[in-house]
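By letter and in written order, the chains are A, B, C and D; residue numbering begins at 1 in each of them.
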């Protein structure tokens, strides 16, 4: 039993679901990939977006207003919200590491059954980039992971134990895939919601990690 | 043989002499007491004054322009030079500790014959205040000490070894008193100038520390 | 849900006995005079106060000292208030003296999620006693720990209603650092403006650090502290 | 004696083979494009480049990489230029990867005269291998060292002739930190103004950090990097 998605649909489905989880007022940092799309689904005006390259108060931007020197962490053009402020990279990561950002929404390559994630390197390849991932993992009050439930080869990305280099020893708080939503409590995965049209059997079949229901 | 001074005259004499030693362009931090008076004798306009409470570009201020929220480290009213900037205490001390301030001019209770100074505490009394003295000692590129040559009881303030708690293990660069000017090279005092009307005999008589001429 | 409160005592409702409180200012300059005044009217005790000075004799934090509400002071220059020495002599207050740059840096470290840092300041002096010394690339440093607190009481010039802050001249000093290092950050300001009024390039304390905003009722003038 | 120079190569006269060079920017945003371009025309080698990225393939620092002038890169996200991986694979370049917040903090520590600091970032990961771990008040940290350099090449929006700098939007990023952490700080700017034009409350980099100012000859536009 398999639910079919094209990639864009899947990404938007996940992003929309995460957006619903955000309770304002809060400050949210969005990673690259699916997290970036979350911005499109934020209905409330008291959710403030932080980007680690030095801006609190990110909004979207119309094509004609694009400024090459105003970008998010993915180097995509963004706009400046009312009440926004700019700061240097050290101040930006001080906000993150110091616990002043409420939620970080990140992608992951793997999440293990205790909520530990791997999202910055693949074994056997050169370790070339980490960016702000490790800082966000240790610092954000809550971390939400968004990812496809399985890899291209069909294997589960929710694994018993990460085989890729981990990003932090801190467990994330929630995981959102195209199939289900999980909470992590006491370092244990708990299925809290099936995505529309998805059966519990499908989730079980495609999930290597142990989880409770 | 004793040269007589009243306190104010002595302070101004020393302050004027130190001011002559400053070669612009440079950034100078002035301590409390005699160093504050140095500002009155700065002829050159490329000597910039830093105050650790958060201002680069200190000038004097006319009585009618006094702003209670614009003060120097001695909490005395000051003015704002053209090209001045304000910053927080951490940034201010980062400038000091990071070696970005060229000269610190400080008072001292004692200087020993290796150029180590004591200027923040007296044995047997409560240790109540240190302020920025220790930071300036470790961080300023050059440290000039200004002080009366002797204590009220007539004892030399240039001592063989400090009996008061030292401010830093770093030797200062120059010492200015009402009697003489000393350089410190390789942790040894060297008399480089007698103040007007002062004899070498008087300096020898009133100096406990060894010095070369 | 607004951060703006109309009353100093409401703003101070987060302050409890036994708390560690950061108090901005360099002497009276940039000190949260209205909040300090409010504290003198509040029934709290056993406070640990982190502030450059403990006010002046009978002024600012000096009143709190006289009321025996301060259990411990952490600062760099208690000399500005001679009463501190008397209390200390009588064993009525604990004191921790730090170099001014170390005080500032430890607050920054606390706000930035760091545990501590190695500084050259104080190496080989009496203020290094009991602190770890370490050589890094030929230079001697001592380890200083981060400072974090329950509450910060600070003063800024203007706030927008989101909590973005700008400061005024040398009244800035410790305030922006303290804004980062406490669980609850309470700020008094000269003026509250709408979001968008402050220039985004000019904001010193972004709003995510600020919990409560209140208009100052006391201000520092040439003639001293007066009711606004 | 003015800090303003009229020519990029004159400004770069402080750069020597074997130097460690800080290069501002987050990718091309806020990067000193004119100074980097000048470096590609200068006969230097064995450079250690500290920068968040090593440019993009064939752009910015990417050109310097292609010219084999870079001995070592210290950064957080080399992924943005696939050529870095190829060079690394061939053993033609050394790399040191740091979390982005650690890169920023180490530069700040370097500029602030600190030896190192304890951070939670990276604890228990492959990037903590070989680094000292330490528990402070129940929390695990690793020790990260300060970064200092011979030269910093940075970009700002406006400079006054004294060297005070302001930045523009997210082009600020690492530039103000790098301005504090090198022996010679060379800045390219969009515009040079007289002292007094920049608001003292708004200056981000006070002039004491800046050694050389030059007007940018290359700017980043929607269409990419173009000559000004």
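Convention: a residue touches a chain if its C-beta (ideal position, glycine included) is under 8 Å from a C-beta of that chain, and two chains touch if they have at least 3 such contacts.
As the structure is a prediction and not an experimental result, all values here were calculated from the model.
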Chain whose Cα centroid lies at the greatest distance from that of chain B: A
Distance between chain centroids, defined by C-alpha means - chain A, chain B (Å): 55
Whole-Å gap between the CA centroids of chain B and chain D: 36
Chain C and chain D: spacing of chain centres that average the CA atoms, whole Å: 33
Shared-contact residues (touching 2 or more other chains) in chain B: 80, 86-87, 90, 93-94, 96-97, 138-139
Where chain D touches two or more other chains, by residue: 105, 108, 112-114, 119-120, 167-169, 201
Chain pairs that touch, as defined at the top of this document: A-C, A-D, B-C, B-D, C-D
Interfacial residue positions of chain C with respect to chain B in the complex: 26-27, 29-30, 52, 76-80, 84-85, 88-89, 95, 97-105, 107-108, 119-127, 140, 167-177, 204, 220-222
Contact set on chain D toward chain C in their complex: 105, 109, 112-120, 134, 136-137, 139, 141, 145, 166-169, 199, 201-202
Interfacial residue positions of chain A with respect to chain D in the complex: 51-55, 66-71, 75, 80, 86-90, 92-94, 96-97, 121, 126-135, 138-139, 165-169
Contacting residues of chain A [partner chain C, same complex]: 25, 27, 48, 50, 56-57, 80, 82-87, 90, 93-101, 138-139
Residues of chain D that touch chain B when the two form their complex: 1, 108, 110-114, 160, 162, 164, 180-181, 195-196, 200-201, 203, 206-209
